[in-house]
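Read through the structures below before going on.
Below are two complexes that have chain A in common, paired first with chain B and then with chain C.
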Partner chain A sequence: MTTATTTEALVSGRRAPASVHRRRRPHKEAWGAWTLMLPYLVLLLVGGLVPIVYALYTSVQKSPTLLEPNKTGFGGLAAYVKVISDFRFAQSFKDIFSVLVIWLPIMIVAIVGLALLVHASPGRFGSIMRFIYYIPGALGGVANLMLWVYLLNPSQSPIAGVLHGLGFTTIKQVVATPGDLAVILAAMLLLQGLGQWVVTVNGGLNSLPDDVLEAASLDGANAWQLAWHVKLPMIRQWIGYAALLNLAYGFQLFLEPYLLNQVAAGALPSEYAPTQLGYWFAFVGSDFPAAAAMSIIIVIITLAIGLVVVFRSGLFSVEEI
Partner chain B sequence: MKTSLGVHGKSRLSSVTTAVATLSIAGLVLSGCSSAGGATTSSTGSQTDSGGKITVWVDAPRVPAADAFKTAHPEIPINIVQIDSTVGATTTQQRFAQFDAAKKGWPDAIFFPSNDDVAWASKTGYTANMSTDTPDLVAGYTKTALASCYIDGAYRCLRNDAAPDVLWYNAALFKQWGYTVPKTWAEYTSLAVTIAKDHPGYISGFTGDAYAPNRYLWASDCPTNVSVNPTTVQINLQDPKCTRAESMLSTLTAAKALSTDGIFDADAAKVGQKLVMSPGAVWWGDYLFQQTWKLPAKTMQASPTGLSWDGTTAQMGDEGGGLWGMSSHITGKELANAETFMKFVVSDPAWQVKLSTGLPAFTAMQQPWLTKQASNDFYYDTAATLATFAPAINTVPNDYSYLLYDTGGEWTSTVAKDLAGGKDFATAWTDFGTDLVAKAKAAGYTVVTTK
Partner chain C sequence: MSAMTSRPPRAPGAGAVRRWDAGRIARIAFMSVVALTFLYPLVGFLTVALSTDNGVAAGTGGFLGLGGISLAGIQHSWGQIIAYGGSDTPHVYLTWIGNTLFVAIGGGILALLAALPTGYALARLRFRGKKLILVITLLAMVMPNTVFVIPLFLEVNAVNAVGKLWPVAVIMGFFPFGVYLSYIHFRTAMPFELVEAARIDGLGEIAIFQRIALPISKQAVALVAFFSFVANWTNFFLPLALLTSSFGTQTISVGIQSLISSSPLFNPTTAAGLSVKLYMPELALATVVSTVPLLIVFIVAQRFLIRGQTLGAVKG
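Here is the complex of A and B:
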């Protein structure tokens, strides 16, 4: 395609000087980078690395129960064995993956689709739509949950007709019917996160060089071709970034299933998500080593999936920027 | 290729570093929880004295008790904290796990939101030994009324109210429809099925709340919560005492005679209007029927006979009957004031007679409370109904212990869930049995099927 070749030439043409520049003054650059990273590193240390190291240390202690509270000292991998052989362990990961499988693809497609639409809509209309998409995202955490409790309750909901049509008369039935919970959680996550990410990815689209887009238009690309063949490949890293952070967020799902369980008068598994199982170990089982082991396992899995996302999307790779 | 291999490799390395850094945040929330940790110990540690100020934790319905204490004892500085009253919630336990790790912060007295809470509170060494601290208060109860507090050889709590079940029925509807009040569980079952058939929409009980297993399984003396010794429990849902309750519930749910809601559900007030009969705690009368569901006066009635399995002796469950615990971590003036608080909430008429909605567990308070209730002529036959309350205490099987697993919670997350989701009772029952044993084992118990 002519369009692609021209655009690519332009893109690499723009990038070449930057790389040269970077290689020429590595010393000063590193100093600047460290200065910029310092505030983050402090937070990372206090809020991330220290707790992780402490969790690692705690997880290799002997695993006590309320019946054997005095088990202390080095316990090797006993806490990990306990966690992995727990009857809820595999199920909790199955649960959370069933949510992620529904939610993540829809989320990413919707983010990209809506962001491209907003970007392709010129002027005021685009800005208004961007604002409208953002509104549900402003309802963070508990407010989002309250909205859903209201939506899902057949005796109050504005969509009560639909719920009654599906045979539901109580909110307990709505959330406890097999298969419903994963869909509901996915919908909650989608509504809560979508708008913010549309705005973020829209920011990425706004940063695309005008000359590239102009060149593509001059080459005869219509709006669709422009979005699909030019804009989309150029925001691949933004998509990867969205996938990565949403994955990490979704994997740590806790508040929504925890509170929905209370709304449903306990009619949901109280250890639905892996984080809830970790909570159980810490605060119901009084077994902090097992809770720490659970945390470490969650970190490792998130890290592994995250790295796959990073390399598949080329996220953070210098040559693409 | 746009880049040389070297640069590419370097970029990979920095990507890994950055990605690891980003993802480390993922560990933040959970490991943050863990960092509060350290192993809990059951040693009481050193006792402290605030110099007199006490902190008490109460659930919403018990706030009036603490307020009444404040009025009656203005000389005692008190900090009243309202806690989550959801039966089966773990928030209180979470806070205590953190206090145990920090070795400070416990309240001086607490009303446990769930009765099961007394199990962990005594295992962690929080609850004081009431047998030695307040022997006069312990002596004010009958042995049966305080049985729930007897844990591993000592009384570890004091009981707010006695909560034996009676058979509640809508006497007005019974008269209108010409039904006879059942005397056995078998008669209850067949009448409930008849009612469901003849008057669709009318119900004869609830399966959706955490008290439902107390209502039906405890009444059947089904071993779900039998403490064999401090580390061994007996659970055997194949026991004939369980299977008879199982087959009853199976029949009742298949006939749609029971509501899948729980008594505390928001929808229950609506469903409750269609309640024809149900086993239920004595506090249902005032708290549920009168205050919460606002049923019309002169309709509900408690049967004087209860329900029996064998045709002779009534055998009923028990739903709650809240427990007060006192801290073992205090001494001196703080302890003395906490004891004054305990004495007040279990035995002072200002709370137990004037305000409390349940039959006082403390023997001396029962008659004054019943007299006060009689003045509020709510029941179909108020005198006859109130006369059933105190004797009902002796119809409750007494080998049920509150343990480290939450039977009510297991019930709601299996049976209540399955039935609300449209599954049959057999599936629900299997799920309940599997989960109950698994949870007991996860709590560290050895599970046996016979004693």
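Here is the complex of A and C:
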């Protein structure tokens, strides 16, 4: 291919083509770009922007009542007032916070530590370890929950001795004893998320330039110094990324408290997390304006975290583009 | 692992790393302990999936119940899982697996078709509005996808498509993380000079993507396909909100929820009315079987997850 040969010459040469680059007709490039992005833009509208706009619209409609189940029309901020003044609203955010406080610090240290250890173990041992760490994450979602049902059920748990020692005889007791749920959820999120993030951060470590790492070991750095003084600063962005994404992830907690409540035969609050409260409004309360208002509130919170990630963390060089 | 062996041999002096010093022993010991902690419950869970109801309930079988594994147990459990579903939706477990394959693969293909060209355009083309698209994509990527579920439900409900599988697949096709992965890939694996050279050779913008960018995007394809498939397969809240109304069009994650709520272990009242008895071995086996596709995908994608050949080539 002629293109390839030209390209190789250019890549190996100095930065000659910069001037050519500048003089390029921009409208042709822009047309090409928008054409290439067309499928994505359609999906972005259908899967992201339209639902948000429609939810905004729905959230300012009147809520249906028992007497008038088909009531419609502009309702102002009534749905928001209803949601925020609901007794479960503030509690659901406190619940999430109590999980995050336990889970997030352990999670970040474990991700970085294991990723560095895997990276310091080239060859078969490292890849086997990475694979094993990944397996619980691969279980994902419901499967991870089933694993925990098995672990937490004193009647057949492999840690039944511990559970009996704590005085538990049924899984309902284990889950529904006050204060237990936050710890259990934190442990579930840790086991589930750790492997995938180790793979991700390890990928970041693998993309570090070999020459820098080799130079450091030539200078006499041992494995520990290499990890702490060279690799860790170089994957700073990945660590920040992992921290903030996992923080935002806390707000999407739904499956675990929702299903643990089923396992505990309804002994848990069915609106533990904010997303569960939104679900309740939509599917139990049949109050779409309130469900929309609840989800707009969660969107705004996660959007705020997102804006911090994108603009303030220095993870994404948006300003350079 | 090809990526590992292609790594240049370590510089002289680095031979010291091979020695069995204290640090090396500590590292290997620690990593092994963590691995065993991860494996212990998993092996136990797998054992339960392969044992009989009575054996698990009685706690016989010794260490992690390994002695309780029995072919008869597996056959019985699988029979119960397959029998679940009733007359309207027979073998509903298999239907759920089929539905999940449909939305996970369909969503994955859409995600690939959208992510690769967009990632390339954002990384290597200059146009007005690029920053806006990138920022929206990053925000959508960082925001947890369950926050969109209720709005998505309202949207799908407005077009009367609740209970159908295709809206789930289409929505799963919106995968901003895939766009970001592709964007990073083309920024690192494809120098500007490559694009310039192709232009000098007279290729149009679309042709450059098809003939230069696509052939070196194997790594991005593998990553986007892998992450999207896993996310789609394990997605719970979206199919729960969009598909609960119809038993036969659920995905496996929502289906397993139905299994849990039909188990005499957790819901004796409902379970009493069913001929199928789902105890822990049945639930565990249904779960284990449902994760097989994920493990296959991981094993296939593993070498790409480690390091891209193209990334290595550009780094030189």
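We take it that the second predicted complex is superposed on the first by the 263 of 321 C-alpha atoms of A that agree within 3 Å, B and C clash if a C-alpha of one lies under 4 Å from a C-alpha of the other, contacts with A are read in each partner's own complex, and residues count from 1 in each chain.
The rule we apply is simple: contacts are C-beta pairs under 8 Å (C-beta built on N, C-alpha and C of every residue); 3 or more make two chains touch, one makes a residue touch a chain.
Since the model is a prediction, treat every value here as computed from it, not as a measurement.
Undergrad: Now for A:Met146: first (chain B), second (chain C), both, or neither, which partner does it touch?
TA: Only chain C; A:Met146 stays clear of chain B.
Undergrad: Is A:Val201 touching anything from chain B or chain C once the two structures are fitted on A? First, second, both or neither.
TA: It touches nothing on chain B or chain C.
Undergrad: Using the touch criterion from the header, give the chain among chain B and chain C with more contacted residues in chain A.
TA: C
Undergrad: Name the contact category of A:Gly48: first (chain B only), second (chain C only), both, or neither.
TA: So A:Gly48 meets both chain B and chain C here.
Undergrad: Would you sort A:Gly285 into first (chain B), second (chain C), both or neither based on which partner it touches?
TA: first
Undergrad: What is the contact status of A:Gln252 with respect to chain B (first) and chain C (second): first, second, both, or neither?
TA: both
Undergrad: Is A:Thr58 touching anything from chain B or chain C once the two structures are fitted on A? First, second, both or neither.
TA: Both: A:Thr58 reaches chain B and chain C.
Undergrad: Check the residue A:Trp34 against both partner chains and state whether it touches chain B (first), chain C (second), both, or neither.
TA: Second partner only.
Undergrad: Quick check for you: in the superposed arrangement, does A:Leu244 touch first (chain B), second (chain C), both or neither?
TA: Touch partners of A:Leu244: chain B and chain C.
Undergrad: Once chain A of both complexes is superposed, is A:Ser295 in touch with chain B (first), chain C (second), both, or neither?
TA: both
Undergrad: So which positions on chain A get touched by both chain B and chain C?
TA: In chain A, positions 15, 40, 44, 47-48, 50-52, 54-55, 58, 153, 155, 171, 244-245, 248, 251-252, 254, 262, 264-265, 275, 278-279, 282-283, 288, 291-292, 294-296, 298-299, 302-303, 306-307, 310, 316, 318 sit in both the chain B and chain C interfaces.
Undergrad: Mind pulling up the chain A residues that touch chain B in the complex?
TA: Residues 12, 15, 19, 40, 44, 47-52, 54-55, 58-59, 61-62, 64-72, 86-88, 153, 155, 169-173, 176-178, 244-245, 248, 251-252, 254, 261-262, 264-270, 275, 278-280, 282-286, 288-289, 291-292, 294-296, 298-299, 302-303, 306-307, 310-311, 315-319.
Undergrad: What does chain B use to touch chain A in their complex?
TA: Its residues touching chain A are 2-3, 7-8, 10-12, 14-16, 18-42, 86, 88-90, 93-94, 97, 100-101, 120, 123-124, 208-210, 230-231, 260-262, 264-267, 270, 404, 408-409, 412-413, 416-418, 420-423, 438, 442-445.
Undergrad: What part of chain A is in contact with chain C in the complex they form?
TA: Residues of chain A touching chain C: 2-3, 6-7, 9-11, 15, 17, 20-21, 24, 26, 28-37, 39-41, 43-44, 46-48, 50-52, 54-55, 58, 114, 117-118, 120-125, 127, 129, 131-136, 138-143, 146-147, 149-151, 153, 155-156, 158, 160, 171, 191, 195, 199, 202-203, 206-207, 209-210, 214, 217-218, 220, 222-224, 244-245, 248-249, 251-252, 254-255, 259, 262-265, 275, 278-279, 282-283, 288, 291-292, 294-296, 298-299, 302-303, 305-307, 309-310, 316, 318, 321.
Undergrad: Using the touch rule from the top, collect the residues of chain C that touch chain A in their complex.
TA: 1, 3-4, 7-8, 10-11, 13-14, 17, 23-24, 27-28, 30-32, 34-35, 38-42, 44-45, 48, 56-57, 59, 64-65, 110, 113-115, 117-118, 120-122, 125-128, 130-131, 133-140, 142-155, 158, 170-171, 173-174, 176, 179, 188, 191-194, 196-201, 203-206, 209, 211-212, 230, 233-237, 241, 244, 252-253, 256-257, 260-261, 265-267, 280, 283-284, 287-288, 290-291, 294-295, 298, 302, 305-307, 311, 315
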